[in-house]
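First the structure, in the form of structure tokens, and then the observations on it.
We just call them A, B and C in the order they show up, numbering each chain from 1.
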């Protein structure tokens, strides 16, 4: 592990930490606060969009600050591109001061590839495998390439979460149908 | 008890439970039927660990594609006479999962079912009532 | 004379229909004698395509679909989904609804931990303890039925609040049940933590170190038993948890070291039952008056959601760990554009591998059950590798018998 920042940053400080390093490659960053309960205590969400080229360095920069907890990777399917959102959380363990960091990356459909983060965060293996089989992206350097949830005889090239021609329309079964 | 049962029970039923992709609600109610509150063990009904010893098969869940062949195999491994009880709405009609790419349809399409128990999940009393009905059916089957 | 025998390891596939858990999951172990060298897990037998189905229904229908993801955590998934929709569309929730949601969440946690305690005792071989614990659980289920109408799938969640109120005439029964649970907690603690055989079967078994738990992103009591302080209720003040005094429950509260083995996980879950009873009492005494839902008319709510564009995440602490839902609306339809569910056992699968390596076959049921896996939440699949040539099958009954036989051996 390279240098670790010893100062503890709050939400705006964290945004500035990334913007200082990557400058214009960070496309947008938004800090949203929500409240709960009678005492109206707030918790903080940061939504950031970054460019695909700095993705691996961004993860390394994040791990240098503090080892995050990766909750899940979710994905959106648009007509011409695929968006992947990595949901991290930082500062767990300190009473009510956790920060949720959500980072989104856009991949063009002509070349839907992204690097793996399993060498920094080994716990990301299962969620990356799921994205490979559900959205049809390719994760470069993933240690384990097999299918996770879909059965072995599921046809290749069909991705359940896609809304375009590679979707699922032919395989749906309606259980309420009565066979005559 | 259900009509048609003789006064002296000739045999105690041994039950095998098979989960074919359910959410576990029905499975928890099946195990709760064995606990001291409902206590179905006083009739001699017990859960066994292999289908080769069982008289009754309790199936829960809508059948997923991966488990279709395995459910058929479990059914074939059971010795005659046997009774199949389908517990819960998922196995009977599909319930909320009526449209999906990985489900192969109600349990009826795969193995013949004798008693249907509806509910999401059905109460333990309904499951015990179903086993009593299955008992009656087994006795008539054996009588033949 | 050359020695014709070579030392090889055996491949042992177990599952998907097997005795250790009530759900289909497949394991494959590589064993040398009785010790496990490598383990692999295959998932997917419970894959019902829920997220795909959810994208075709409106948010109110998705609440009932989310309830049936898992029967044991059937309050947590609708809770997290409603939080995600409320965050995406900026819908407010009245204060009284926050408190009642928290109350039902904790009641479900008590029922789930007692269920787990019974299953763990059954795996070790103490069937009497299974019946004892589940009898106590029946009292908590009676309270659930009294307040909501059903034992398992409760259907009291809605977007913007909650559907059923806790009336003043129901409070005496709640207090009576809580008192019963408090009185019997000491009995439960004595059976699990002071018994010699429980200690022998569970101490030093299935160890997950602190570094492994951090790197593999484990959640829930599995990671708290290894010493990491991670609890969504305390990290993020959602619902009314911001008003309650709470602490991270780690095994050193009872004194002693933190080892990360099965015994520590039992300690953490029992401590959480005690904490839940305490939270429920605090919620009852501080509950404010007010509305139950911010928008009672459903067509109006759906019309509002149809016009809103936004994305949001909702997190909650299930009895097994952290649950996260992600929802995105595109402003033109009322169906969500994307819905992603990640249940807690998803993250707890990878820690199985360091926990199982080096253990004996008879310990597989108790180690697997100690992380409290819920396969239907994850649509698990067990995978096994076939590296060497030999393999043999163990069926369900034999595996459970091995586990019980080991207990009898230790008791002599």
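Structure notes:
To be clear about the criterion, a contact is a pair of C-beta atoms (placed from the backbone, for glycine too) under 8 Å apart; a residue touches a chain by one contact, two chains touch by 3 or more.
All of these numbers come straight from a predicted model, not from anything done at the bench.
Most remote chain with respect to subunit A, judged by CA-atom centres, is B. Contact tally for A-B versus B-C: the pair with more C-beta pairs in contact is B-C.
Note on chain placement: the centre of subunit B and the centre of subunit C lie 26 Å apart, centres being C-alpha means.
One finds 42 Å separating the Cα centroids of subunit A and subunit B.
Across the assembly, subunit A contributes residues 150-151, 160, 168 that each touch 2 or more other chains. In subunit B, the positions touching at least two other chains are 62, 66, 97, 99-103. For subunit C, the set of residues that touch two or more other chains comprises 44, 47, 49, 52, 381. The touching residues of subunit B, when paired with subunit C in their complex, are 17-29, 31-32, 35-37, 48-50, 61-62, 64, 66-67, 70, 74, 95-97, 99-103, 120-121, 123. Put simply, subunit B touches subunit A in their complex at residues 62, 65-66, 93-94, 97-106, 109.
Every residue of subunit C that touches subunit A in the complex is listed here, in rising order: 43-44, 47, 49, 51-52, 87, 95, 98, 214-218, 228-231, 234-243, 248, 286, 288, 313, 315, 322, 324, 326, 328, 337-338, 340, 342, 346-347, 349-350, 379, 381, 383. Subunit A meets subunit B in the complex at residues 150-151, 153, 160, 168, 171-176, 179.
Listing the residues of subunit A that touch subunit C in their complex gives 34, 36-43, 45, 67, 69-72, 74-77, 85, 87, 89, 91-98, 100, 102, 121-127, 146-151, 160-161, 168.
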